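We just call them A, B and C in the order they show up, numbering each chain from 1.
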Amino acid sequence: MDPGFIAQYLLNGIVLGVIYAMVAVGFTLFFGVLDVIKFSHGDVVMAGAFTALATYAGLELLGVSDGMFAAIVITVMGIAAMAILGALLAKLLILPLRNAPPLNTLLITLMFGLALREAVRLFYPNGSNPKPFPQLLPDAAMTIGNLELRLDSVLLIVLGLGAIVAVHLLIQRTRIGLAIRAVAQDPETARLMGINFERVVLMTFALGSALAALAGITNGLYYSEVNFGMGLLLGVIGFSAAVVGGLGSLYGAIIGGFLFAALQTIGAVWFSVPAYKDVFAFACIIVLMAWKPTGLLADKSAERV
Amino acid sequence: MSGPELVVDGLTVRFGGLTALDALQFRLSAGEFVGLIGPNGSGKTTFFNALTGIYAPASGQVALSGKDITGLPPQQIYDAGITRTFQRLRLASSLSVFDNLMIGNHRNLSHGIIANLFARQRLKNEIEENVAKSRLLLEQFSAPLASRLFDPVSQLTMIDRRRVEVCRALISEPKILLLDEPSAGMTHEETRALMDDLLASRERMPGLAIVLIEHEMGVIERVTDRCVVLNYGEKIAEGSYREVASNSDVRTAYLGED
Amino acid sequence: MKSNRRGYWPVIVTALAAAMFVFLFLYLEQQWEIVLLAVGLIAVLFSSARFGLLRRVELAASDHPRTTIMVNVLAALLVIVLLRNEHFALLMLATVCLYVTICLGLTLQFGYAGIVNFAGIAFFGIGAYTAAVLSLHSALPHLLVIVISGLVAGLIGSLLILPMLRTRGHYAALVTIAFGILFRTFLEVNDLLGGPQGLKVPGMQVFGWSLNDNISLGPLGAVSFYASYAVVALLLAAGAYALIKRLERSWLGLNLDAVRTDETAAASFGIDLPRWKIFAFTAGNCLAGVAGGVYAMMSGFIAPASFNFGDSLLLVSIVLLGGSGNPLGVLPAALLVVVLPEKLQVIQEYRLLLFAVLVILILRFRPEGLLPRRMREYFAGWGR
């Protein structure tokens, strides 16, 4: 196969991997502090993209024409709105169900995701159709053989990786990160040490949801299109990535994200019908779960008897 | 019956680099009542978990009535005749007292699909026999509890739940009963009552051997024939309560004296 | 144990009232009437639960399990007779019965054994596609085709058994979610199974009689062919109900409950976890597959769009709404979830949103569902 062609697949795979990793990091953060799966996460990704889209419509009305400026404003708006939504969700739906069976939390968030999806479909103007996402990044490109290296792809990769590194540093190097890690380790002890448990949980949910919004906007900028249903698959993929990596592990989520993108890329190259790539990737996930039931990197904590 | 019922030889359990149980030697004869004591984290519960197949031992042998049972899964250990209670109660609290007892009586019930779905009259007889059996067993512990056979466990008091857990472990008439700190969460009086009932019901089950993990030394002194003391996964003393209590290693382990 | 049985008249009265309700619910078309009925049903369920009426009916029903099923089947047949020439109403009734069947399978898996299955609709779909392929390409008798549909669903489900047994909780949930999405995508891209356009399926033939023929029953006049399918679906649901109820009232039901409530404790008392998980998972998938087989022949046409992940969520919602682990709760829940959006054009568009909100409210404020599960009663007159 032509090397330029392969490089094109590789580049596409890396962008996907960055997006998936950003979604997966959210799953792993929530699981870390609260041992819950927030299944509406994929729809938060979608809602983040739509918030940005709505902001852009507002900017257009105001007559803002500078692409970079608009990109920054819509990203900030999307991130801020989703951070607030994430914290509200934790406060109103997830924390009250703390002592219920874990499946109830999974279901209530699944349903919240469905509600979010339906709300966008029904109430966003013409929301049931795919919406074009504005191209705000510089559209310079370099052609090497068959490879078209677009500047915006490179920018998106740098931005996404930067965000992941920033979250990593936030968790490893700051006081709030220390609090998050303490709560993840042992909520009871953390509480005794004077850490405000609820605040930490809300901040973690805000952080994860902000990252989701960024993933949604990246997705929109990369594909130039968003639709109300995009969150479902992105959420399932992010969840798969986090689980395969090992819930609660930040590195696991990142590895899982890139692994899923790799599987899809391999599937797309391998099968003549590209749509089989998801069938292939999900089948691999099921096999991986049979092989490593608690993920690649999770520390298996023995249940106390 | 001749020779010990349970022979544990060099049983070792490791978690990563930590040796939770170190080459334990342990003998138990039919009808014996042995106390297992030691500070927190000394490996008592680990010993139970290794015996009942929840943890796989790193090395060592366990034999029950001369048959090797080392490393068998929990299901087969139960079938061989070892049952247990748990430190933190593990009852199905949404189910009735009867249902919980019947979970403990698993090996004496029919589990075929045909027998359960299509031979209803036979099944009904089996169920009625077991209702009678459950009543009889519960009455040895508490008559009011026996009358609540069909109530959910979630409506019972702590001591009644402990009783149900002990009865769940007894109803299959095991050879060996392992009790993991049954006094946790109960008052002295309640513990005393439970132990008295246990001693009384043992009279009706000749040959039943019991191992009791307990922190209350008064209880150990009153009910056990012999004590084994663990510290850091090793057996540091063995003998009657009196002997063990005066052992200097034991005093060091418990009180930190030199 | 003395058998101190109660009379069965509460069962008969309830069955007749339920039949009248179902008939009106399916027959009436004014929007306000439908809303009134739906609100009425929920109000009646709640208030009769509060004032102990429901308990009396349940006790009477559990004292007379066979009579209860017979009376209810007869009542449902009465509804079918009353609706004899209403195509749409009968189709909905049949669909409710099929959904009840799948949800009884999910009750077995989730309500009893605690196995989460977010691919319920996929196993229904496997049954439907199996029936379609077999009835298009073979001359097997259709009743056999339907049985095979169930078996194939169970068999394909066994592909998931290894990952299901090795994983727990959220990890196990991922396995079925991944499978549900994989299955839907597979249907979409597979040309042999008709791709996105799906397959046409011939109608059901039983002993040389075609269920797709309209029939004329003497004094009753013309009868829609959907009436025949409604009867088939009804018998299927009733059979599944009787089976699940029997299972619950036996040691098997107890074993499944033990597996759900505490795996460590269950294993410590000899309960073979893999055996009972495989049993519940496979039996549940078979039920969904059989329902799928009937569905394919009844609707005459199947396509991937009928087997979305969202539909699997709808099934799980029915089980939760009814009261997890209570087969009886599945009936009103399936009726509401399936029929309400079809009848209420006003909310048709908003139905998924409304369900999502409804389930959120239930999980938040009444997690035990409309009809919470009762203690197991092994046989009539239990505990009295």
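Convention: contacts are C-beta pairs under 8 Å (C-beta built on N, C-alpha and C of every residue); 3 or more make two chains touch, one makes a residue touch a chain.
These numbers were taken from a predicted model, which means no experiment stands behind them.
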Notebook entry, point to check: What chain lies closest to the overall centre, CA atoms only?
Noted result: C
Next item on the list: Average the CA atoms of each chain to get its centre, and name the chain whose centre is farthest from that of subunit A.
Entry: B
Margin query: Can you work out the whole-Å distance between the CA centroids of subunit B and subunit C?
Written below: 42
Note to self: Counting only Cα atoms for the centres, state how far subunit A is from subunit C in Å.
What the structure shows: 35
Next item on the list: Report, in whole Å, the distance between the mean C-alpha point of subunit A and the mean C-alpha point of subunit B.
Entry: 48
Checklist line | Where subunit B touches two or more other chains, by residue | finding: 54, 86
Notebook entry, point to check: Multi-chain contacts in subunit C: which residues touch at least two other chains?
Noted result: 264
Note to self: Where in subunit A do residues touch two or more of the other chains?
What the structure shows: 305
Next item on the list: Report the residues of subunit C in contact with subunit B in the complex, numbered from low to high.
Entry: 1, 243, 246-247, 250-252, 254-255, 257-258, 261-262, 264-272, 375-376, 378-379, 382-383
Check: Which positions of subunit B touch subunit C when the two form their complex?
Finding: 52-54, 73-75, 78-79, 83-84, 86, 90-96, 99, 102-104, 106-107, 109-111, 113, 116-117, 120, 123-124, 127-128, 131, 149-150, 152, 168, 172
Margin query: For the complex, give me every residue of subunit C touching subunit A.
Written below: 116, 160, 162-163, 166-171, 173-175, 177-179, 181-182, 185-186, 188-189, 264, 309-310, 313, 316-317, 320, 349-350, 352-353, 355-357, 359-360, 363-364, 367
Item checked: Residue ranges of subunit A touching subunit C (in the complex, touch as defined) -> 31, 37, 93, 96-97, 100, 102-104, 106-108, 110-112, 114-115, 118-119, 122, 232-233, 236, 239-240, 243, 247, 273, 275-276, 278-279, 282-283, 285-287, 289-290, 293-295, 303, 305
